[in-house]
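Take a look at the structures listed below.
The two complexes that follow have chain A in common; it is paired with chain B in the first and with chain C in the second.
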Partner chain A sequence: MASGTVTSSEYISHHLTNLTFGLHPENGWGFAHGANAAETAQQAAEMGFWAINVDSMLWSVGLGLLFVWFFRKVAKSVTSGVPGGAQNFVESIIEFIDDSVKGIFHHKNPVIAPLALTIFVWIFLMNLMDLVPIDWVPYIAGQMGIGYFKIVPTTDVNITGGMAFSVFGLIVYYSIKQKGISGFLKELSFQPLPKVFAPFNLFLEIVGLLAKPVSLALRLFGNMYAGEMIFILIALLPFWAQWVLSVPWAIFHILVITLQAFIFMVLTIVYLAMAHDDH
Partner chain B sequence: MELLYIAAALMLGLGAIGAAIGIGILGGKFLEGAARQPELVPLLRTQFFIVMGLVDAIPMIGVGLGLYVLFAVAG
Partner chain C sequence: MNINLTIIGQAIAFFLFVVFCMKYVWPPITGALAERKKKIAEGLDAADRAERDLKLAQEKAADDMRSSKEEAAAIIEQANKRANQIIEEAKEQAREEANRVKASAQAELDQEINQAREALRAQVGVLAIAGAEKILEASVDEKAHAQLVEKLAAEL
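Up next is the complex of A and B:
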């Protein structure tokens, strides 16, 4: 955290740059570090495809492990007698997910419900990081010599894109598994218009198919990025004005966080259900 | 370079208009349904949130990209 007069745009761009590790053409392997945020982002861009946003990966994988560990701990100590608080909490989530999966997905597939549970809780945990006041963790990281530290993984389009395209992989996998390659291609090319317009149909269907992961990824990214941007802008205000604005925005953001996780899950189930049913 | 600010403002503004109209109509229909059949309110509320997320998607993508253009590009 640069001390002294930090201009507002520097403050904003500082909070927007990731801690990127990769092979830089000149500096070789290492973290992207420039004089200011813009240079760092420039260096990260020059690192090309194989640069890794260490902070996003750290927080997303860490929260994923936390989710797996907590649910496993509760599952192992499950009692049919008087359930403890944690067990009630986990049971209520699982029942909620189970109901929505049953309501949408009418085929037999053992993967869908656990996938829905993972997606909902993991994305909710990652989004929850957005409610942590934005200066705390980067300040602590600054003390430990880490220049840039973005703690909300879902404001990083790589993370949301990665999740959305893994769901897309599942969609294609289950479509082919359910209908066979010929069935899948037939579904793509003979859809709206009669057979003679096959290439035009194929183009339309491919666009529709690709729109699913892209909209999944950018919806979550757009909501969380806009949410965090508002928090950053509020942090620029004089301190006495911040409470008046950031408290209502944080309360509203709690709804946005759960809603985006819920919608990502529901759409994943809907897309997988569509992949399963053959006409 | 200055055009970027206008572009970002347009993205934010038009996105907001779209979302406001869409969710306004959706909210109105939700209240009508709730008034007509109050016992269905829990089901309607879930559907309302799902469709609101869908309606909100493209405008929010526009707002997200607009803010990105505004701060990360024209920062």
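Up next is the complex of A and C:
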């Protein structure tokens, strides 16, 4: 929808700007809104930490609710007899997750498998929004007077960061729970080099530890952001030529969104397994 | 690309969804899966058992068949033996009966022979005398010679 009144760069940055609600130093509480996308983003940045990306949260929580609603619905009517269609579908996902967890995580912890299931399905659903033609929802929102409306939560680093740092919290929690604070610190300082290099080791290991959530968050964010960017660029083409690129890219993206959800899940399991292991 | 409250909001939502999933989604479904697994294992066990039972039943049936055949053969043999015995007994009885009949017939015959012989004996005297009379052409004192004739007849 590269219409004459909107420049390409304006179109792109419009699609990459979140709907942000927060306390602006000059305008007070309200949605960030400027004359164009750049100004809006500027305002959102000025709000600092005390702002919330309403569109990301809405879609993220909405899709999470869709996930728990559907799975709960199946779980309530679950039968050990002949399963119906929905149960078959859910069971195949659950068995896939269960196999993945059992293959990687060899300790007894009832949290890990449901955690992995939530991560996989939720991230998959959030990624899936990337396949919705990029102008549909923002256009409807625009008609309703909402200027900015991103529908792919995982292209917001806050969303991926929120999950990645929750996982980080679990890593630290289970490390301390399994090994005690001293054990955890020993693990951080007494390797990989001999004990005399403890401060250096500690620095190295803490960097390594922090790299886990950062890489988790940025990998998912980067993949989805880049994917969406390509969809936006394709949308700049004349409408009759778009399908030549958008269809192959969308098909390829089906792989990417599944793979990214899977990678996030597997790495979470691996990190938590490492947190449980004694070295 | 601002880091803002959204990150905390997402963390809270994540926590809540994981807890919900852990409490209300994962256990019932994996429970059902485990239960189905158990059911299938039991079904396979039951099938194995049934097969074994069937084999045992077939063996038992074959055994029963064999033993009843043997029994039947024994009964038939016994029956044959008994039949032979009955036939032998019947033969024996018949033989005895025949012997008895023969003996009585013999006795009767002997008696009749004796009677005939008596009658003959009685008539021989008369015939002899009549012959002698004819030969002698003379009157013979019947009384005087009767004694003689009787003696002759007794010698017959």
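We take it that the second predicted complex is superposed on the first by the 275 of 279 C-alpha atoms of A that agree within 3 Å, B and C clash if a C-alpha of one lies under 4 Å from a C-alpha of the other, contacts with A are read in each partner's own complex, and residues count from 1 in each chain.
As a working rule, contacts are C-beta pairs under 8 Å (C-beta built on N, C-alpha and C of every residue); 3 or more make two chains touch, one makes a residue touch a chain.
What you see is a predicted model, and the numbers here were worked out from it, not measured in a lab.
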item	value
Partners on chain A (chain B, chain C) - clash or fit	fit
Broader residue contact with chain A after superposition on the shared chain, chain B or chain C	C
Partner chain in contact with A:G142 - chain B first, chain C second, else both or neither	neither
Which of chain B and chain C A:P114 touches, first, second, both or neither	second
Vertex chain A; arms to chain B and chain C (CA centroids, nearest 10 degrees)	90
Contacts of A:L259 with chain B and chain C, given as first, second, both or neither	first
Which of chain B and chain C A:G183 touches, first, second, both or neither	neither
Which of chain B and chain C A:R219 touches, first, second, both or neither	first
Partner chain in contact with A:G34 - chain B first, chain C second, else both or neither	neither
CA minimum distance (chain B, chain C), superposed complexes, angstrom	9
Touching residues on chain A, where the partner in the complex is chain C	20, 22, 44-45, 47-53, 56-57, 60-61, 64, 67-68, 71-72, 74-76, 78-81, 90-91, 94-95, 98, 110-111, 113-115, 117-118, 122, 153, 156-159, 161-163, 165-166
Complex interface listing, chain A residues touching chain B	9, 12-13, 16, 38, 41, 215, 218-219, 221-223, 225-226, 229, 259-260, 262-263, 266
Contact set on chain C toward chain A in their complex	1-11, 13-15, 17-18, 20-22, 24-26, 28-33, 35-36, 39
Contacting residues of chain B [partner chain A, same complex]	49-50, 52-54, 56-58, 60-65, 67-68, 71-72, 75
